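Read through the structures below before going on.
Two complexes, one shared chain (chain A), two partners (chain B, chain C).
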Partner chain A sequence: MKEEQAVLLYILRRVLSAISVVIVTLVASFALFFFAPTDPAGVICGPRCTPERVADIESSLGLDQPKVEQIALYMKGIVAGREYSTGGVVRHCDAPCLGYSYTLGQPVTKLIAAALPVTVSIVLGGAVVYLIVGIMAGTIAAQVRGTSLDRFVVGSTLVVQAIPYFVFALLIALYATFLPDSGYHPFLDNPFAWASGLLAAWLTIGVTNAASYTRYSRASMIEALGQDFVRTATSKGISRRRVVYRHGLRAGLTPVVTIFGIDLAFQLTGAIFTESIFNLPGIGLLTLRAFNQYDLPVLMGGVLIGSVVLVVMNLVVDIVYTVLDPRVRLG
Partner chain B sequence: MEPLIEEAELARKGAPTDPIAAPTGESVKKVDTRRKSPTQIALARLRKDKVAVICASIFLFFILIAIFAPLLAKLEGQDPTTLNQNLIDRYGYPTVAPNGEHWFGVEPRLGRDLFARWVYGARPSLIVAGSVTVVTTLVGVVVGLIAGFMGGWIDRILSWIIDFVLSLPYLLFAIAVPAALLAVFVGNTEAAGNEEVASVRFYALIIVLSFFGWASLARLIRGEVLTLREREFIAAAKVLGVPTRKVLFKELLPNLVAPIVISVSMALPTYIVTEAGLTYLGVGLTEPTPSWGLTIAAAQSWYRADPLYLWIPVAAITILVLALSLLGDSIRDAFDPRTRR
Partner chain C sequence: MSDQTPGAPTTVTRVPRDPSANEEAYLEVNDLQVQFPTADGLVRAVQGLSYSVPLRRTLAIVGESGSGKSVSSMAVLGLHDRKVARITGSIKVGGREVVNMSDKDLEGFRGGDAAMIFQDPQSSLHPYFTVGNQIMESYRAHNNVSKRAAKERAVDMLGRVGIPNPRRRVDQYPHEFSGGMRQRAMIAMALVNDPKLLIADEPTTALDVTVQAQILDLIADLQRDFGSAVVFITHDLGVVAEIADDILVMYAGTAVEHGPVNKILGQPLHPYAWGLLESIPALTGDPQPLHPIPGSPPSLLAVPSGCPFHPRCEFKDRVPDDWCTTLRPDLIPRTADLGRSSRCHLKDPDRIFETEILPRLP
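Right after this comes the complex of A and B.
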């Protein structure tokens, strides 16, 4: 009973801390962008613009209000939605409202909802590649530890890890012309087109990240294979293959899975290079475009979504790990 | 005095416990450990490590290029900003191959000398990465020391800030923050000159990378300090009435040399890549600053017509980062007895 209470208390503390991080991020990024003396109305209006038109746009976006009220409005928009009126037309932005894009004239939430599946497809597909390649290479290297094959695997992971990711991705994009053209097609429309359009991105993410997973799973497997239960299993006459892949791998994979959870969260927010180089319209490319066009609401929406994804993923990893491994809680 | 560390190594034949380390069971570099500090032992090991020596020389080579960039450009007889329009045909293609006058040829479209831009391009990479490494190391060490040693509410606040910074999507912020900083310092971006924007972007990049970089080191140092502070020599110093500042910097800090050196050696290549990557995306440095990331971004559309234009900066950044990463691995192996390969 006491044990369960401790777990619940730990989870509650983590959830509260996660919420506090999200709120501080929200306020900090809002302050950063909206206290800066920018001129969004001028950006929307374009170069040939009358002062009346600018004033009109400012009032429709609520930019003529005091800054503190703007923050309150923005917060209210997230919780309850808000109204925008442009030139007599009132548009309702449903909760959670992150505002309207200055340049695209669409709600930020809609843009993000369109971009999120792209990023998720890229990251998950890439993860499948590097998990399979990395864990297989690591497991094999662990079994032949100290041989020239092992040294070759470790040496090549060092080299692959040291190549700058964007350079590697760029060279793949430019020279690996035998791969199908990159582009995003929704999975439900045509699964085959979806896969072939993302193949180059998956392989790039897969190869570069496989290096670190090879090293993690190799070290982890070496440790697992040195444990007593492996010796017991071997002495019971179980085949080597079964000992390694059933007994060893199960124990050896737990730390790798934890690292994977944290990595995945970061990749979901950081697929910017992949998206930009392979021209895939995900969250990263959306944010980059917003940066170039000074589209503050989209920029902020991207940052917020990224923070929330990261915080939630970290929370899930922590909680799952606590439930699986009671020793963690002591830390 | 007995060479304790070597003995401990020989005794240690069991499984490795560090998840990042990848011991291949290679023979350990034997060095004389008598009457030497751990740092001296590590440096002696490093000097015997061929890979480390080669990588360090490559790093030194690039530092020299960056320092003597004006001299090298003068030697060639060119500078990084002159537009040699006479060497460009009307489609923008350069009409000269690399020759005695233009060692790496000229840029398509603008006709600037590529060798001069290449040697000057080493500067922002190393300056940005170097200053970010210095700032993050200083802040990380100080925050980690204070949080770990003081404990109580100071620790709780600092730990929350560390967790907070670590849970921000830094790439997205790296895109967003320079936009805001630019608005604060330059005001109207369209009216401002290129030079002004370029210099604000330069500092914005350093600020952003520093802001997100210190937290992981602070967490590492805090963890180390938490175990160190229970040791007898700290208790002894406290009993003797040594002031807290002295305990922190004279007693604790010397014991943290290994993690700090390892973290610095890992940070430097990471920041070089980040600088070049962000610049490549168009959110880092901007023209007219000569930068490898900018050259790569500009050269990618000419990769068929003028492959040298793309490959020279690509080769430079890959070799530099590869050398620094391998050097970092060697340094970690030399300084951290547990993770030696």
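Right after this comes the complex of A and C.
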């Protein structure tokens, strides 16, 4: 009972600190983008635009307000929603409002809500591939350490890692024509179409990341299998398989889980190459486009989502760690 | 170590303190060799080791680090990776040959008839599983019982090794146990299947002295209850005197002296055993400088020629014809007492011990 209270308290504390990290990130990126010498109103208006028209757009978007008020307005939008007027039409943007895209004519929240499931699908599906392949290959290599099979596995990981990621993605996109056409279909509409449309992207992320996960798992398993408690397990008379997979893998996987949590967070902030090459409208593609077109609200939204994902994943890793390793106490 | 208790197996006729008597050996090691090929050459960890232990007896294997005591004992349980270690000779446990046993048979054998207690209970218990879970796993590997029955057995065993409140303790993790309690849990795990052979590999080394004594008592008590043969590996001669019936002194992978405990500790015949006795600090009387054995144990990659102890032996000049550097002595009885043997070229070791070594001992 006491234990559970401690865990709840810990999570509460972590959530509060996570929120403050997100706010700091928000203010910093707001300052970075909005103090920059950009001209969003000019971009919206186009090349043949009168100064009056630009001023009109700026005032309707609130860009003529002091920066501090703009930040306050942005924050208020996240918490309570806000109003926008474009071209004389007033639109309401519900909370959490992340602003309004000048170039796409849509609320940023809606854009991100559409793009996030795509990126999550790509990244999680890819993670399933590289975790299974990497941990299996690493565990097997650790058991036959020093043999030609081990050297083959390690050599292959080096080759895969030596190929730049986008080259690999291009190779799959160009030559793996037997794979179904890639594209995003929502999972709830048609799970089969969802999976087949993402298969190429999953394979790309899976194979390229499997190389490093093979090496992490191999090193971690070699260390785990050399531990005294593995010798104790062997001395009990249980099968070698049980020794390796119950006692060795249990200890060997814990460090891999930590790396995975951090990797996953970074991948979720946008698989830009994968999304571009396989034409999947995820967060990466959205922010890339926003970057090219000075679409500051969308960029801000991307940064916000990125920081939230990072902070949340860190928290998740820490909590999972206490489940995996009973020696770790929250506090 | 009382005489045979009523109801115990009658095949063992025990004649205390006389190993030449006709006792049936439960563990019989014969000309055991363990070698590890490495990039630097062949490591000869154990070279021609022979000994036997009957039920209800305790053999202490004594020696410095790297003398081959742990390596030889791990071979008894078949714990070496056969892809790495070359093992020849014979190890018979209850009449079964271990050296060439199949992997499948080894699994049934390990932890069943023969079990092992390891040196450091902190690292030898799995940190991620509860103590009860680890004991249950051992029990269920050899007994087809339900989880519930296995847990009852684990609680029972924890109680038997003197862990208070075993029903609560069984669900705790090793890090929630103190060092001594952890070693008790280790012992409970080793004894859960009533093994007839128990190998204890320096079980008290990682523990403080008061806990050491408790663990030694526990092992002695349990041995009496279970009637097992015990091999006790240690480098602590004080421990040996308390617990062992016989001693095997190992040096550079071979036995250099073997015999009943009172004889070996009272009148050792090998210069290495003399060195071990001399290096025990005196706890009473005036403080005296320690007498460590000069030099360090030889590399097992290049064991010295002749007697492996000769580079550190202060008596090698008394042996004629450079035998010590050229001729490896046999492990043979050195006195009229057939129960003990030593591996040394010296003609009159008992006289040297009495006139030169004994006066130097504290």
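What we mean here is this: the second predicted complex is superposed on the first by the 291 of 331 C-alpha atoms of A that agree within 3 Å, B and C clash if a C-alpha of one lies under 4 Å from a C-alpha of the other, contacts with A are read in each partner's own complex, and residues count from 1 in each chain.
As a convention for this text, a residue touches a chain if its C-beta (ideal position, glycine included) is under 8 Å from a C-beta of that chain, and two chains touch if they have at least 3 such contacts.
All values derive from a computational prediction rather than experimental measurement.
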Chain A superposed: clash or fit between chain B and chain C? fit
When the two structures are overlaid on chain A, which partner does A:Arg82 contact: first (chain B), second (chain C), both, or neither? neither
Put chain A at the vertex: what angle do the Cα centres of chain B and chain C make there, to the nearest 10 degrees? 80
Applying the document's definition of touch, where does A:Phe229 land relative to chain B and chain C: first, second, both, or neither? second
With the two complexes superposed on chain A, say which partner A:Arg289 touches: chain B (first), chain C (second), both, or neither. neither
Spot which of chain B and chain C makes contact with more residues of chain A, would you? B
Tell me, in angstrom, the smallest C-alpha to C-alpha distance between chain B and chain C in the overlaid model? 6
Overlap the chain B and chain C contact sets on chain A and report the shared residues. 227
Inside the complex, what are the residues of chain A that reach chain B? 17-18, 20-21, 24-25, 29, 32-33, 36-39, 145-146, 150-151, 154, 157-159, 161-167, 170-171, 174, 215-216, 218-220, 222-223, 225-227, 255, 259, 266, 269-270, 272-273, 276, 283-284, 287-288, 291-292, 294, 299-300, 302-303, 306-307, 309-311, 314
Residues of chain C touching chain A in their complex? 77, 79, 103, 106-112, 115-116, 118, 120, 123-129, 137-138, 141-142, 173, 175, 186, 189
Residues of chain B defined as touching chain A within the complex: 14-26, 160, 163-164, 167-173, 175-177, 179-181, 183-184, 187-189, 269, 273, 276-277, 280-283, 296, 300, 303, 310, 314, 317-318, 321-322, 324-326, 329, 341
Chain A residues touching chain C - in the complex, by the definition given at the top: 227-229, 231-240, 247, 250-251, 254, 324-327
